[in-house]
Amino acid sequence: MPSNGLATIGLLAMILNTAPAATTAQRLLLSSTVIAVSAAMIAMLAFHLWTVPGWRKRARYVASAEGMIDLASACALPFGWLIVPDPQDAQLFALVWALRYIRHASGLALFWRVMHRSRTALLSILSLFIAIFFVASSLAYIFERHAQPDAFGSIPRAMWWAIVTMTTTGYGDMLPVTIWGRLLAGWVMVGGVVMFALQAGIIATAFAAELQRRHFLHIWDLVTRVPLFQKLGAATIADIVRRLEMRDVGKGAIIVRKGEPGDTMYFVVSGEAAVQLDPAPIVLNPGSFFGEMALLFGAPRSATVVATKPSVLLVLDVADLRELAARRPELVDLIEAEARRRRDANAASQPPSTPSERTLRALAAAQVPD
Amino acid sequence: MPSNGLATIGLLAMILNTAPAATTAQRLLLSSTVIAVSAAMIAMLAFHLWTVPGWRKRARYVASAEGMIDLASACALPFGWLIVPDPQDAQLFALVWALRYIRHASGLALFWRVMHRSRTALLSILSLFIAIFFVASSLAYIFERHAQPDAFGSIPRAMWWAIVTMTTTGYGDMLPVTIWGRLLAGWVMVGGVVMFALQAGIIATAFAAELQRRHFLHIWDLVTRVPLFQKLGAATIADIVRRLEMRDVGKGAIIVRKGEPGDTMYFVVSGEAAVQLDPAPIVLNPGSFFGEMALLFGAPRSATVVATKPSVLLVLDVADLRELAARRPELVDLIEAEARRRRDANAASQPPSTPSERTLRALAAAQVPD
Amino acid sequence: MPSNGLATIGLLAMILNTAPAATTAQRLLLSSTVIAVSAAMIAMLAFHLWTVPGWRKRARYVASAEGMIDLASACALPFGWLIVPDPQDAQLFALVWALRYIRHASGLALFWRVMHRSRTALLSILSLFIAIFFVASSLAYIFERHAQPDAFGSIPRAMWWAIVTMTTTGYGDMLPVTIWGRLLAGWVMVGGVVMFALQAGIIATAFAAELQRRHFLHIWDLVTRVPLFQKLGAATIADIVRRLEMRDVGKGAIIVRKGEPGDTMYFVVSGEAAVQLDPAPIVLNPGSFFGEMALLFGAPRSATVVATKPSVLLVLDVADLRELAARRPELVDLIEAEARRRRDANAASQPPSTPSERTLRALAAAQVPD
Amino acid sequence: MPSNGLATIGLLAMILNTAPAATTAQRLLLSSTVIAVSAAMIAMLAFHLWTVPGWRKRARYVASAEGMIDLASACALPFGWLIVPDPQDAQLFALVWALRYIRHASGLALFWRVMHRSRTALLSILSLFIAIFFVASSLAYIFERHAQPDAFGSIPRAMWWAIVTMTTTGYGDMLPVTIWGRLLAGWVMVGGVVMFALQAGIIATAFAAELQRRHFLHIWDLVTRVPLFQKLGAATIADIVRRLEMRDVGKGAIIVRKGEPGDTMYFVVSGEAAVQLDPAPIVLNPGSFFGEMALLFGAPRSATVVATKPSVLLVLDVADLRELAARRPELVDLIEAEARRRRDANAASQPPSTPSERTLRALAAAQVPD
C-alpha cells in the first residue's frame, strides 16, 4: 500500500513540525516533506483521473468512497492555505490523510460488519451504559457539590469525572471526598470495568466467528484447485478446509530442511517444488504433497524441499491430521494411494528401507507398529 | 421509543441547567423544557389510564413495573417542588426519568437473565473479591498508618485506596510509600485486574450463549413460514436456522444490484420482490429465493432485484451455504428442484446460456466443472 | 453460612473501630462487637470439639484445613492481646477471620482447580510478564535517572513505576519525562494491558469449561431420578443433560401462571405440584412434566401450576426443546406417549378442544399445521 | 531451569545494587553476587563449548539463537567494564541476562506462533489503533493548545497524552480542560478500552485453540502407549484423547486414599502402582486402570493406591467418563472386559460383594439399578 506509507510519512512530518524545539533547518525539511507528499497526492489523483476513460466513469470514481478520500487528501493542504492565514496551522489539514488508513484497511470493513452483526447486544449494553453515566454524574453532583463547589459545581462537570472513572482512566483531577461520593465511585468503577469488558468480549467473539468464516472461504477456493481433494465427498472437504492453513513461498525458499523435526505436511496448490534427493531431485507439481513421512514416524525430515517457482502451499498440522484421519478414513486411503503411485513412479530415487505399508493408516489406528 | 427520547431530552435539559455559566435566557429555556417534559409525562400517564377500561385494570397497571415507572416519572417533578424549597434543586428529581431506559431496554432483561444463569460463578468470584478487598485495606492500613497518618489513618480510608487500586483506576490521591505497602499494592493491582477481567469473561460467554438462543428462536419462526423449508426434516431445519440472518427491507429498496459481486442468497419470508429482467420482471412471492447464481459461479449479479412491498428476507452467506450443502445434500436437491421449476415457468425471460444442470450440487461436491 | 456472616460482622466492626472520628460510645459498641464475635468463635470451636467423639478424631479435625482456620479464628484476638500492648491494635488480629471466606467459598476450590488446569499457559505468560517487568524497570532507570534523580534514582524505585504502569493503574506519582522514557512507557502500557487481558481470557475460558462440567454432573444426577428419561439411550440423555436447568421451588410457589406467555416446560424431579383446573386439580408426581402446550402453540399458559410440596424441577427452554426434538426424535415420542397417557387418565378434567395429535412432533417437523 | 534461576539471582542483585540506601557491606555482597553469576555464565559457556566435539559444531552452536544468548550473557559484564568507566553503571549490562527467560520459556514460542496465526486480525486492529492515535493526538493539540500552551504545545506532546489515555493508564499529568478536548477524551477512552480488550480477546481465543492442539498431541502420545486403548478405533481414541489429563507421580506418592470420595479414574501409562489390599497388594502395571468403582457407585474409595515407581498416569473425570460412555459404548465394553479379567486373576484378594455385572454400562445407561 504505497499511498498508505506516503500518508504516514506526511503525517509524521506534519506532527513533528508542530514541535516548538525544532530548528529552522528542521522546520524547512519537515515543511518540504509535507508539501511534497501533498503534491504527490495531487499527482496521483490527476494521473488516476487521466487514465480513467470517459467523463461518466470519472464522475463515478469521484463520487465513490475511495475517490472522495483521494480528492479530500489532494485538496486538504491547498484548502488549508486558502482559509487559514498561518501556513504552520494550515498544515494541520494534512490530518485528512489519516482517512487513507481507513481506505486501505480491509480489516476495517470486517470490523464494521462485526459491529453490525452484534448490534443488538452492543446497543443494549450501550443503553445501560448511558443510563449509568447519567445517574452517576447526577448523583456525584448531588453528593459532592457542597463539599467541592468548584470541581463538582454542575452536572456537566460531574460527567467528566464519571467518564474518567467508568473507563478506569482515573486522571485524579476530580475526586469524591464525601462518604456517599466514594461509595458511588466504588460502584461506578466496578460497573464501568465490567461493562466495557463485556462490550469487548461480545465484539471479540463475533470477530472470531467472522474471521473463521473468511478463512473457510479462502481455503475452500484453494482446496478445489488441488485435484487430489476433488475425489473426496463434500462433507470431507468441508472438514479438511477447516483445518488447513495457507502459506505463500517465494522462488528458492526452503520449505522443509533435511534433519529438522517435522510436524506439518504440505500440499502444493500452485507453483512447483523440488525434493533434493541425490541422483536427481523429484519435482512436485500442483496437486502433490510432501512431508507426510516425518509426521508418521516422528523422525526428522529425510530430505530438503525447495520451491523452484513462487508457490502457494496448504499446510496440515500433525494434530489436525490425526483428528482428520480418525474422522475421515477416506482421506488416508487417498493419501496412501497417491504416495504409493508416486513411490512407484520414482522407485529409483526413493530410499529402499521405507516401511511403506504401515503409513498413515497405522497412525490413524494409533497402534504402535510391532 | 418516543418516551425514551423524551426522557433523554428532559434529562439533558436538567443536566445543562445545573451549569453555572448559563445565562438567564438559557436557564429559562432549559427549565421550560424540563417542565414541558414533565407535563408530557403526566399527560401520557393520564391518557393511558383514561384509555384503559375499568378500575381493576387501572390498578393492575399502576402496580406493574411499567406502571410504577410511569407513575414515578410523572410525579417526580411535582413531588420535588413540594418538598424542596429551591426550584433549581427540585429539578434534580427528574433523574427518576432515567428509569425509563430500563423500562424500554429489552436487552436489559437479557442482561439480568444472563447474570442469573451464571450466578454461581459470579458469586464465587465476588466472595473472593470481597475477601481480597478486606485484607488489602487492612494490610495497607497496617503498613502505611505510621508513614502517612493522614491518608491511611483508618481502615475505611484505606478501603478507598483499595477499590481505586483494584479497579486500576488509580486516581493518585492516596499512595503507599513504604516498601511493604508497595509490594502489597503490586499484588492488589494484579489481582484486581485479573479478577475483573475474569468476571467480565464469564458474563461475556454467558451473554453470547443467550444471544445465540434468541437468534435461533427468532429465525426458526421465520423459517417455518417459508413453504420450501417445510419439506425438510427437523434436523436439517435446525442446522439451517443456525446459519441464517434476517433482513428487513422497505418498499423500493434494491436488494441486489446488477453487476455487483455477490456472496449471499436470499429467501423471501413475507412481502414481494421483483427481478428486473428485460421483457417483464419476474415477481418473487414469499417462499421464493434468489441470488444463488452469483454464489455458484462467483460471477457478478446477473440482474437487479427490488423489493416491491416491505419485505422480510432470510440471508444465507456463501460460506454457510457451502458448509450446509456438504452436510445436508437434501437442501441442495430442494433448491435445485425449485430453481428448475421456476426456470421452466419463466423460460422466456431467462438468459438461454445458463449452465443449468451443474448448479449447487457441483458447488457442494467442490469439483471444478470440466 | 452463619460463621461467614459472623466473620463479616466482626470484620466490619474491627474496620470501623479504626476510624478516628468515632465517638467513645461508638468505640465501645464496636469493640464489644469484636469481642463478642471472638467469644462466639471460641464457643463454636469448643462446642465442635466437645461433640466430636474421641481424642483421635479431635486431633484429626484440628489438623485439617477447616479445623486450623477455626482454631486460628478462635485464637486470633486472645493471641493479639497477649503480644500487642495496645488493645486497639490487638483487634487488627481479627483480620484472620477473613480466612473463613476461603473455608466456605466452594467456588474457591473451583478457582484453584481452574488455575491448576491452565497452569502451563499462565506460567508462560507470567514468565514473559516478569521478563518485561525487569527490563522495563531497568530501562526506565537508565533513561530517567539523570532527569529525575529523586523519582527514578534506583531500579527498585523504577519497579514501582513499572508495575503501576503495566497494570494501567497510573497513579501519576512517577512519570517519565524524557523522550526515550515516554516511548518506553507507551510500549509498557500496551504490553501490560494485552498481557493481563490475555491472562484473564485464558482463566475465563478454563473457568467456563469447568463450570459446564459441574453443571453436567449435577443435572445428570437429577435426570437419572426421573423415570421418564430412564427409557432413553445414554447418548440422548447426555444430550438432554446439557440443555436442562435446575430450579428449586418452595411449598405453595406458583411455577406457571394462567394467561402468561410461556417459553419453558418443566419436569418434576422430587416433591409435588398441582395443575389448578376447575373440577379438581391434577396432581403431578415426580416424573411428570408440564408446560409443553404453551411451548407448542405459542399460546399463553392454559392453567396455573402450584408446588404443593417443596420441589425440585428441571427446566427446558423452547429453543433447546426444538434443537433436541430435531436431533432426538425418540424424546418427542416419549413425551407424546406420556402426554397421551396422562390425558386419557384425566380425560374428564381436560379441555375438550385440545388439538392432541399434532403436538410436539409437529413442532419438531417445523410444519405449520394446515 | 538452573540457568534461569541463576539469571534471576544475578538480575535481583544488580537491581538492588542500584538502591542508594544500601550500605557499603551490602553493596559489596551484591556486587560479588553479580560478578559470581557472570563468572558462572562464562564457565557454563566454556564448559559447553569444551564438551561439544569439533570446531564446526561449536561454530554452529554459537550461531544458533541459544548460543548467541549464552555468548551475550557471558560477555555482558566484561564488555560493560571495558566501555563504561563507572563499575556501578557497568553492572547494568547484566540486563542482557533477562534474555535467558526468553531462551527457556517454551511458552514464548507458543506465544509467537499464536501471534502469527491471528496476524490478519491483529494487524487490522493495529492499523485502526494507529489511525485513532494520530487523529486523537492532532485533535487534542488543536483543541487544547491555546488553553494549555505548555502541556499541549505540540502534537508529539499530545501523543503522550493520547497513549496514556487510550490505555486508560491516566497519569493525570496532562488533562484536557476545554469542552471539545473533554468530549474528545471521552471518545478516546472508550475507543481505547474497547480496542485493547478486542485485541486481547482475539489473542486469548487463538491461544486457547493452540493450547488445545498441543494437549491433544501430548496425550495422544501417551494413549498410544496403553495397550488397552490400542484395541479401539481411531475415532474413539481421538474422542478419549480430548478428555484425558496427564499426571506425573513420584515413587511412594499416594494416588488414591481409602475412604475419600472419588470422582476420577486412572490409567497407568508407565511406572507401577499397588492397590493396598489386605492379604497382598495388587500390582498395577502399565496398561492397567483403577478407581472406576468410586466413579460408578459414588461410594468412597475402597482401597489406597500407591505409586511404587515414578509413574505417569492418565486421569479421566467422572463427567467426561459419562459423556464418553454415552458416545462410545465400545470403551465401556473394553473397560468391563478388562475389569472382569483382572478380577478373575486376583479373585482371592477381591472383596466378595462387588456388584460386578452392573458396572459402567449401568452408569452409561443412566438407569438406577433396582
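The chains carry the letters A, B, C and D, assigned in the order they are written, with residues numbered from 1 in each.
Criterion: a contact is a pair of C-beta atoms (placed from the backbone, for glycine too) under 8 Å apart; a residue touches a chain by one contact, two chains touch by 3 or more.
Since we're looking at a predicted model, the values are computed, not measured.
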Fraction-based call for chain D against chain A, same above half, different below: different
Rotation in the CA alignment of chain C with chain D, degrees, nearest 5: 90
Whole-Å separation of chain centres (CA-atom averages), chain A against chain D: 26
Centre-to-centre distance between chain D and chain B (centres being mean Cα positions), rounded to whole Å: 36
Residues of chain C engaged with two or more neighbouring chains: 168-172, 196-197, 200-201, 204-205
Residues of chain C defined as touching chain B within the complex: 11, 14-16, 18-20, 92, 95, 98, 101-102, 105-108, 110-111, 160, 163-164, 167-173, 196-197, 199-201, 203-205, 207-208, 211, 245, 317-320, 322-323, 325-327, 329, 364-368
Parts of chain B lying in touch with chain C, wherever the complex brings them together: 117-118, 120-121, 123-125, 127-128, 130-131, 134-135, 137-139, 141-142, 153-157, 159, 165, 168-172, 175, 182, 185-186, 189-190, 192-194, 196-198, 200-202, 204-205, 213-214, 216-217, 220, 223-225, 229-230, 232-235, 237-238
